[in-house]
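Next come two complexes built around subunit A: one with subunit B, the other with subunit C.
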Partner chain A sequence: MSVAAVTTGLGKPKSSEATPAADRRRIRTAFAFLAPSLVGVVLFLVIPVILVIILSLTQWNLLTPLKWVGFSNYANIFKYDAFGHSLLVTAYYVVLNIPIQTVVALGLALLLNNKLRGSAFVRIVAVLPFLATPVAMSVVWTWFFDPTNGIVNQLLGHIGIAGPAWLSDAATAMPIVAFANIWQYAGYNMLFFLAGLQAIPPSMYEAASLDGAGKLSQFRRITLPLLRPALLFVLVTGVIGSFQVFDTAFVLTNGGPGNATTVANLNIYNTAFQGFRIGEASAMSVILFLVILVVTVLQFTYFNRRTTYEMV
Partner chain B sequence: MASVTTVAPTAATKSASKSGKTSVPGRGLRLTGYYLILLIIVIVFITPYLFSLFAAFKPLGDILGQSPARPPTSPTWANFRQIFTQDDFGRYLANTLLVTVILTIGQVTFSMMGAYAFAKMEFPGRDALFWMYLATLMVPNVVTLVPLYVMFAKAGLLNTYWAILLPYTLGVPQAVFLMRQNFMTIPKEVMEAARLDGCSESRILWRIVVPISKPIIITATLLAFVFGWNNFLWPLIVTNSNSLNVLSVGTANLNSNFADQWNLVLAASLVALIPMVILFAIFQKYIVRSISLTGINR
Partner chain C sequence: MKGRLRGRALARAVVASVALVLLAGCADWGVNTGGSGGKVTLTYALWDAHEQIGYQASIAEFEKLHPDIQVNIENIPYNSYEQKITAEYITNQAPDLFWVNTPWLGTFVKDGILTNLAPKIKASHIDMSQYYPQLVTMHSRNGAIYGLPKDWDTIALYYNKAYFKKIGLTIPANLSWNTDGTGSFVTFLKQATTDTSGHNALSPQFNPGHVATYALGTYNDPQSGWGDYVAELGGKVIPYPYASTTSLDTPAFKQGLSFLTSTLTNDHVIAPGSETGPNANGNNLLTLFTEGQIAMWQAGDWNTTALKTAVKFPVGVAPLPIGPAGRVSIFNGLIDGLNSKTKYPKQAWELEQWLGSAKSEAILGSGGYVWPAIKSLDPLFQQYWAKQGIDMSAFLTEARGKVANFPVSSGMGAALLQIDNDLGPAWLGSASVSSAVNQAGKDGNYALKTGN
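Right after this comes the complex of A and B.
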């Protein structure tokens, strides 16, 4: 027993009473335990990733024979399917969504990180939207922002402002899609900042204020740097999710007006499942994957550099 | 308490009150301001639920004619009756429940077994396989969408419950990773002792590991359930028959066909939203904790 207890972590130790037969039985059991999730991971994640690259080099509608076309899809989706435009639209959504969502989440965390009566309740309430079915909540937002019957324009009407057409107006449609997302995930992201705040030892603030540091400089010199891991997590996961936005855009605007909100994922959906152009849709998926990958790597690099800089 | 003093000022600098030292009346004023802000936050997060709840029990005329803040004067089930009889929302609700429950049970059970193997068993190739799981964790959903559809189409599984369920039911790397990290903290001696007593591995998993890991299993269960319930894009593309619609797809269809019938589409939305509110009310502590856990682990 003690032999096995000493071994740690990732090595491959022999268990104490190992006979070859017992070993074999144990390995068989381990693979039996692993089998379902292994089949799931290989079949539904590894193979599709390989397959999407192969499919992106073909022209195929699932019915007629598959045709190899090399890399031409990668040029054609930009030429004929306005994929460049939908990437820009997606980037616009990310730029609208991520900074506001992050600031709101951080603000909520700073505001609610205390033991005052009521704060705990508000913390809970802020997380509730995280569970809301995006499709269903988008329907509610469609009603709120309806140009004539919506509560937003009714309220604006009371103070004498003629509200815009919101979802039917190219200028306001995307901000509302972003708003729907911010509303849903602000409280969720707040939790990571709260966890980060609670990990900061109070003695750091005490020492700083003894040194005469003001509250603002404490926030900039202590709070923000120590929240960096939480900030990185919120940004990275938020950006990855935002580049794949679909449900809200589909229900709120279905890409319109015109193609003002045709995000990349919506373009992929239309190309693959309305047009049945599997090759083109696969090429779009690969490009979107690369975009997400590059942006994620950039964030990590930036944060690493900034962290070292701050530490010096 | 220290957190109070660090927090209030940063909030206060934003609201431009820079009354450095707090005199007693100043403090009262700030507290009032604080609760006013809290009230606004609660209103922002609750209003969409509350107003759609009111609207779902009003006839269309009242929704158009009254303030949405006004509770229904004579509440009516007519909207729900209509979407459950003339549309098929009973069926959609049953489909959603069926799919979500099977998906959740499968995902949690199989991920747990995988997590136990990675955390507490020794077998050749363990580290390489674990790295493969980790790598797939980074793959965005959108990448696998088209090839998965092609695979299901070629397997003749489109328009089946299998198509909706299968990709998420055999275990997902997120859940494996979450539980593996937790199982790693169980002292090795526990397993060794049980093995010496002649316990089989599955007995150890179900009788020892599961009972002491209840919190993390509840966490994985809640995350799987919420995912299954809210999932939209995948069920949308692999099914095109009414009898297989889940709530999210049924609601989106209703919304695109009867966009101006607010009484109906809001009632439909509520059928999807309310169960999640109830789930949240029961498990809010677990859900809040679950989210923090996934953050730390990732």
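Right after this comes the complex of A and C.
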């Protein structure tokens, strides 16, 4: 897993016998292989990130010349664009989304790790939502959760419950957005847990049960610790992805009711491409980038202290 | 040998990666040749797939008259239209001629995307008095004109004839309303709202918890929703065209909104905001109308085709009720914007002239696509729909009466989006009208200020 490789570092290669010329050749070859992704990273990541930081200090509507405004965008986005509210809304979404999604994915993986008949079929079914297009699915969810003619409220109606206007109610709108994403990605994340589970040698469980460890303590003392690399990957990519949520909120609620689901990325989009305030949108992007960076670093620090990557 | 192989591998990898990057990153290098032999290809952008059929027919005539011009139609989805045109303009890929809806007009004018056609209009001796004067005003600024009017829209009440027949009610011609909730309109709406036991909202047995059919469906919208009621009190979104502040902080605005979100909502005679769509944005109204859950749908004439294909009952059209300042519909119309950076200004102007001409507007009007902006051609559209069984004269009555132009200013698209977003909670009952309007005014002002 690439994340693991990056975090642990590969250690210094033993190159005592190699001559400097051989070293240079090796480095040249390495760069030849890296070139495609390096060019990609520079063109589509490094340069855009630098441009966004520069743009965040300017006023620009895409057409007029750039006007240098210093850090005023960073003040304006909180004063006029309710970006603070958007960050809170996004954090709320992450808190709703990540724990449930992770637990569902882990639960599915544990169930499907048993060699039962039909588990291959269920595995495919669990991954299917990931193959669906989030925007198309969001349109389907709007039909499901339509207050009058949606299937959810129709079914609730049959048992005498008047369902809420799911997507127009500030209390239910964000949980529905989170639900749509959990449905979409839980099966995908399950794959990583499943791979992690299958890498655990059965002999460890055998030894543990010989020592009298029950199923629960086996799970706590063997499964969970050995799943940490998978957990780290799922959590880091999941949290980053959740902070960047856009499509489902855009289609399901377009930020409503009021600004109850105006997540950071939706605010950035509206500011940049409805208001054409590129400078402010860039400032928002920089802040969001920093927030995600801090959260990711925290996750890595937490896991680094506790993670085992290899079976001994 | 090995070294050479490596060198070659390196070269290949570099070439391959550069090629990959070029392929991935660059969609179109702008190979937009007009073709050889003097034939010019124009791109014409619009968003409505149904009207596109009518425009295709008109453009076929145009191409017969101008064998040296070919026109390709580009359909851009409405929700990203303003962004797409702007982005294409920046990269010199914008269509030569394109539909312009009024929320974007001021921004396009300010950004210099549109060509001032006044000199061309003068040189070509186009009679501007054939058009509705309000449409000419809407698309003019300081002597400049940004397009020939092609069509117009007003807002009226589509109604379910079968339902009104069933409950034995006819719609009186001149219903009126007042801010205090008095007037024949509210009484009529109560008569037309029925619960699941068949009691109407005037009856003491009426159960507001089990409404089967609301009399009216309207929504959080500056044109088809609150805009008309605010206009019927003399209120406006901005005090004058191209203003850089809103005029939401006026009694007329708050009272007009409150009439819908409080008076009619509390009387249970309009579909609750939460049922019309997220943020009460009206997404569900066509479905609610076709399902018989609202008896009347307040909407613009451009919905007639979609409505006609969706409903299983006969449909009529009633005019808006009369407010304290009269019966006032929001009035809007489209022009074709002429890209100020087009390579073919002459040919694009030919197409602009054709689409604004009586010949083309007659094709669109008689096909039932749009109300022609040339006043004398209006009967063509009316006749088409009369044959389809829908009497559209209410829309025309309003256009010939008092109308309020759709607001024009730079940044208006963003401002209206923000205003609707902020007014949503008032429709959903989670914020008071005055706090929602204050927030909308603040955000609308910022959008206009930064857009100007």
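Structure notes:
One rule holds for everything that comes next: the second predicted complex is superposed on the first by the 264 of 312 C-alpha atoms of A that agree within 3 Å, B and C clash if a C-alpha of one lies under 4 Å from a C-alpha of the other, contacts with A are read in each partner's own complex, and residues count from 1 in each chain.
What we mean here is this: a contact is a pair of C-beta atoms (placed from the backbone, for glycine too) under 8 Å apart; a residue touches a chain by one contact, two chains touch by 3 or more.
Model, not experiment: these values are computed from the prediction.
Legend: residue contacts after superposition of the two complexes on their common chain; A:Glu206 is shown touching subunit B, with no touch to subunit C. Applying the stated contact rule after C-alpha superposition, one finds that A:Asn149 touches each of subunit B and subunit C.
Applying the stated contact rule after C-alpha superposition, one finds that A:Val103 touches neither subunit B nor subunit C. Within the superposed three-chain model, A:Val140 lies in touch with subunit B and out of touch with subunit C [touch as defined at top].
When the two complexes are overlaid on their common chain A, residue A:Ala120 makes contact with neither subunit B nor subunit C. When both complexes are overlaid on chain A, the residue A:Leu111 reaches subunit B alone and has no touch with subunit C.
Once the two complexes are laid over each other on the shared chain, residue contacts for A:Thr29 go to subunit B and to subunit C alike. Contact with neither subunit B nor subunit C is seen for A:Ile161 once the two complexes are overlaid on the shared chain.
Residue by residue along subunit A, subunit B and subunit C are tallied for touches, and B comes out ahead. In the superposed model, A:Trp183 makes contact with subunit B only, not with subunit C. Where the contact sets of subunit A with subunit B and with subunit C meet, they give residues 29, 31, 33, 36, 39-40, 43-44, 62, 142, 149, 254, 273.
The touching residues of subunit B, counted against subunit A in their complex, run 1-11, 13-14, 31, 34-35, 37-38, 41-42, 44-46, 48-49, 51-52, 55, 63-64, 67-69, 106, 110-111, 113-114, 116-118, 121-124, 126-127, 129, 132-133, 136, 139-151, 153, 166-167, 169-173, 176, 188-189, 192-193, 196, 200-202, 205, 226, 229-230, 232-233, 237, 247-249, 251-252, 255-256, 259, 262, 265-266, 268-270, 272-273, 276-277, 279-280, 284, 287-288, 291-292, 295-296, 298. Partner subunit B is touched in their complex by these residues of subunit A: 1, 4-5, 10, 12-13, 15-17, 26-27, 29-31, 33-34, 36-41, 43-49, 51-52, 55, 62, 107-108, 110-111, 113-116, 118-119, 121-137, 139-144, 149, 151, 154, 183, 187-188, 191-192, 194-195, 197-198, 202, 205-206, 215-216, 218-219, 223, 230, 233, 237, 240, 243-244, 246-247, 250-251, 254, 264-265, 268-269, 272-273, 278, 281-282, 285-286, 288-289, 292.
Partner subunit C is touched in their complex by these residues of subunit A: 25, 28-29, 31-33, 35-36, 39-40, 43-44, 61-64, 80-81, 142, 146-149, 165, 167-170, 173, 252-259, 262, 270, 273-277. Against subunit A, the residues of subunit C that register as touching in their complex are 3, 6, 9-10, 13-14, 16-18, 20-21, 24-25, 80, 82-83, 86-87, 89-90, 107, 111-113, 272-275, 277-281, 283-284, 287-288, 291, 293, 411, 413-414, 417, 421-422, 424-425, 428, 430-431, 443, 446-447, 450-451.
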